[in-house]
């Protein structure tokens, strides 16, 4: 399987550079017969879109999806489903000043060393625009999961030092602010912090929490393909992620067994420190995990770097960039999680036979 | 590829239940010609062995490796290298009391629901004994990596609330105490905490840090197979892991771009907040990541649970168990990391052509 | 890896139904740096095109390729290379009469049973139009192989009972007739036979021979991935193939060991009964294999069949169809072989390290 | 997936050299709950065993299977099932005379060039002894298939020029002679031919036909994973195979569409020229395919060859070898076919959901 593919039962393959003709997706292995809800997919695409909220970059991109194959009279046929989004907003000139130097915190340095060729038009495959294809695949995965009453939702629970603790968390509020923050008051604080940093030409990191509800018992495998291993792989393949934790996560290091073990009674598990899996297999409880995102590396403050000939120089990155990636990354986290769970659901259907 | 295999260039497949005839490993895709240093492999196995230190369970297992194939006159031939370790210490009776109930924090519940069959003799494939095969594979991977001057080393940096901060960290001290703690004084504190909890019948979690040095620029791939994604998959497939972070990890959420970006000058990167990768590709800096381990679920304190017929009951787990898994998990973390890096090294040799 | 993908080092994924928006190809894993010769690819596409010769269906399709990604300023970047061909000649009406019945010799029956949904517009993924993507991938593979002085060429050596024996074979003549037959006189006989059968509304099978020259010693693997096993998989995945043989092939059944063994002297192998491999690994001799194609199932003679409700009926297939698939299949055989060899060449570069 | 593995739903991995400690098999992905019929497996192993019939080599090997994992109280648990067969008959000295020269028709030349290292003890992974693991995997596959009323049986239908035509074929007679020939009179002729050639120090090729009955409609996939492509891969991965054909096979080249198409009526297909698949998907008819085997390359007649230093020399291969591989290969053909079909059966269970 190529490095641009993910998932072994339902395989997604993404393609396209940020400023080539198009970016796109092939999804292979879908169960035939489901109506393809184009409106839902487009709505998910819009959640990811730059300019989709007042906090991000005001670049306007339409991100209109086009179906090339795999659908007949509105129904998924089970053949490879291909979606493309044309790149209509190609401003290659914007990138001319960065084609000769390596931007700190970006893939420029490593990408150039690896491939020899670097397409200066926006980062090649390292561009955030590649996530368009992931979101499309995630939306289609959700269509299947929702039919099985599985819900996958993420929220921004921390930006900088502004945190939403579990007791402050009101999950329903996450859809009533642009940050997908499950606490509207904290969302306002976060918004102010982001706007401050934008004015200073700086950026800020954050943490996203994802909850998956309605799962059956038995997804995943006890050795190399534990649910948390597959999720960690999927999530850490999203650009700018720096950490993944499930259930108590890093806090588990401070707990004793008697604190951390989830006791059971005839009505089920009494607590959910584990975060929804035991021995790598879903327990039927909600999966709860968190993802750390680094601050956007594109800042307009001056930074030391080198050019292609290893000469010292400084760089000031022009253009408009998101000071915090979290609001737009929420839907990407949901997408990658949904793709993992859809694959596991296909797997479990095997085990029943 | 089956769920008991990992790695697509050098593929390891592990097999064996904790108390069956043997556990073992097949390693396929090795470069022919390297002498197999059996002493080194056995030493690595001994690092993992229960009873290998004064803190763990006093169960004595020999864990003698036996080579079934893939070696001729002491040289690796490139054919599948098979190693088995016989299970000589089968005390199935020890487990009779737990065969009817689900141990909190263990895979008993999920495993039974998934497979229908549960081998009560020690957890089936969820047994820690499966890591024997991983350690053997890791040792062989290290033989190759060391030849390329790549060093992969892990250390216990936190147990409970006893932490070794970066300023307190003396990496060389990690080999002078049983905990692989890079600070002997903290190691003594940790040892006291573990012994206290053992007497109480309880257990404790911890954090392991892993550093990989000597890497070339260019390992990994910019989309789904980012180095950190492959490492996260590998590490989160180890039992009892709850979190993975690279570089600044979860702390990156609190940083600004100007704090977190690693500036560059003509001598290289000035800092290493990233933890050794940019855009999913190694930058030539050290890879530094951390792993959270939960407290061992086997505690002798009484816990609420249910039996197979969903009746409420209580369980007290007999036998001797490690109150903290970290000292033995250090070598498993190194092993899984080494397997990932060996696979990526094989990959990069392709790119050169 | 999805069922619409092939190749583990250089992975091709094809998509598109015969009469949807487009058919296409993603090729992942290409070595960066090679100029993409669009003219060569288009010429290969034209060799496959219906109406590309006077013997086939006169349907005119342009089959113009369009590059969506993976190329920058004419150079292959190593990112997924995506090619599409729009379906401009959609005559869905042509197929209305066959949407209710199962055409004998076609995939209609099995496809309908497998997927539940059948797109009557030309056979879904079973359409010959899917081979467009294979030919594009083959053309790109040839660009790489030719640079390594590896040449892959196929020829029509039998149609019906008209055979070109090895002594009659003049390999250079294959490019001087539309049938790619390595004997112009036989080509004329074949052409007459095909035209006769076309007038009768019938069709005819044939045999294609493929020769791959310039191979290094050592491609392939001694167990499941023998060169001949990979080639057989690739070739038998082409529609209408019924047999694959290498070297002496089925004739080997009649030979003794002393007749069939290829003796060796200091200048190399004295004969090539093996067809270029020993123990599944290339010997440096030419690979020579043959493929049997069945007669095109689309014939205008009346045939017994059933409709979707299992009622007996008869069918007469309208429209223009190739009475013999071989002239157009020659380039598809070359394409699939080239993809296999390109994958093996990537593999061997590993072994050198 | 490594090169010593096959099958993506139920994955077999084989290991072991002919004269190392053991050869063996891991089978991953089996459905839990089936009793493991050890007697049946051992009987299948005995069918493959040298000395299992009066025609083959009189070398006696016990080939006793030993289960290392994956079975609990006689029931398959679904964890990796590991079987080994110890190599008790190690006569390394027998091979001393061939370690310096390349045997014509053997993998010696290619293997040495590929790996640099050659274990002279019987051919390394190219040894026929590797098929032990395939037969064990095939036997286990048959246990599952038989439960679904799928029967996979092969027979020797040609040796040299002695052929059993379809009209002479009495399938039931295949179990009443050592050659698995479906015509006892022809079997006697074949036996005489083989014995003649043995006395002359020569060998002979043959053809095996395999029939798979009781298949559901819908196995396989319309593009790269057509049933015949997967079978061809599996079969051509058996040593000494030179050709694979399904249904009419190479004879289809001589037929017209009106002769070759299988017409249908309300009771089903009227003929079976196709050999059980349409568009790569099973039609519910019997799969019928044939495999060409070359004559055993080990002959005691003198042959020209070279030594490791490229000096001309002659070789006379000592020891006892099968003059014809077909009688023992019958069970290997059945095994590889059964593994393919078991994988496809797992796949189809997905499609139902």
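Think of it as A, B, C and D in the order they're written, each chain with its own count starting at 1.
Criterion: a contact is a pair of C-beta atoms (placed from the backbone, for glycine too) under 8 Å apart; a residue touches a chain by one contact, two chains touch by 3 or more.
Because the structure is predicted, anything quoted here is derived from the model rather than measured.
Engineer: Given the two chain pairs B-D and A-B, which is bridged by the higher number of C-beta pairs in contact?
Structural biologist: A-B
Engineer: Going by C-alpha centroids, which chain is farthest from chain B? Tell me that one.
Structural biologist: Most remote chain from chain B, centroid-wise, comes out as C.
Engineer: Calculate how many whole Å lie between the centre of chain A and the centre of chain B, each centre taken as the average of the chain's C-alpha atoms.
Structural biologist: Spacing between the chain centres: roughly 27 Å.
Engineer: Between chain B and chain D, what's the gap in Å when you average each chain's C-alpha atoms?
Structural biologist: Taking the mean C-alpha position of each chain, the two centres sit 40 Å apart.
Engineer: Which positions in chain A are in touch with at least two other chains?
Structural biologist: 1, 3-5, 8, 14, 115, 124-125, 351
Engineer: Can you list the residues on chain A that touch chain B in the complex?
Structural biologist: 1, 3-6, 8, 14, 102, 104-111, 113-115, 123-126, 130, 158-161, 197, 202-207, 217-218, 221-226, 228-237, 239, 241-266, 270, 274-275, 277-283, 290, 292-299, 301, 303-306, 310-312, 351
Engineer: Okay, in this complex, where on chain B does chain D touch?
Structural biologist: It is residues 1-5, 8, 11, 13-17, 20-24, 26, 28-29, 32-33, 66-70, 72, 75, 77-80, 82, 84, 115-117, 119, 121, 124-125 of chain B that touch chain D.
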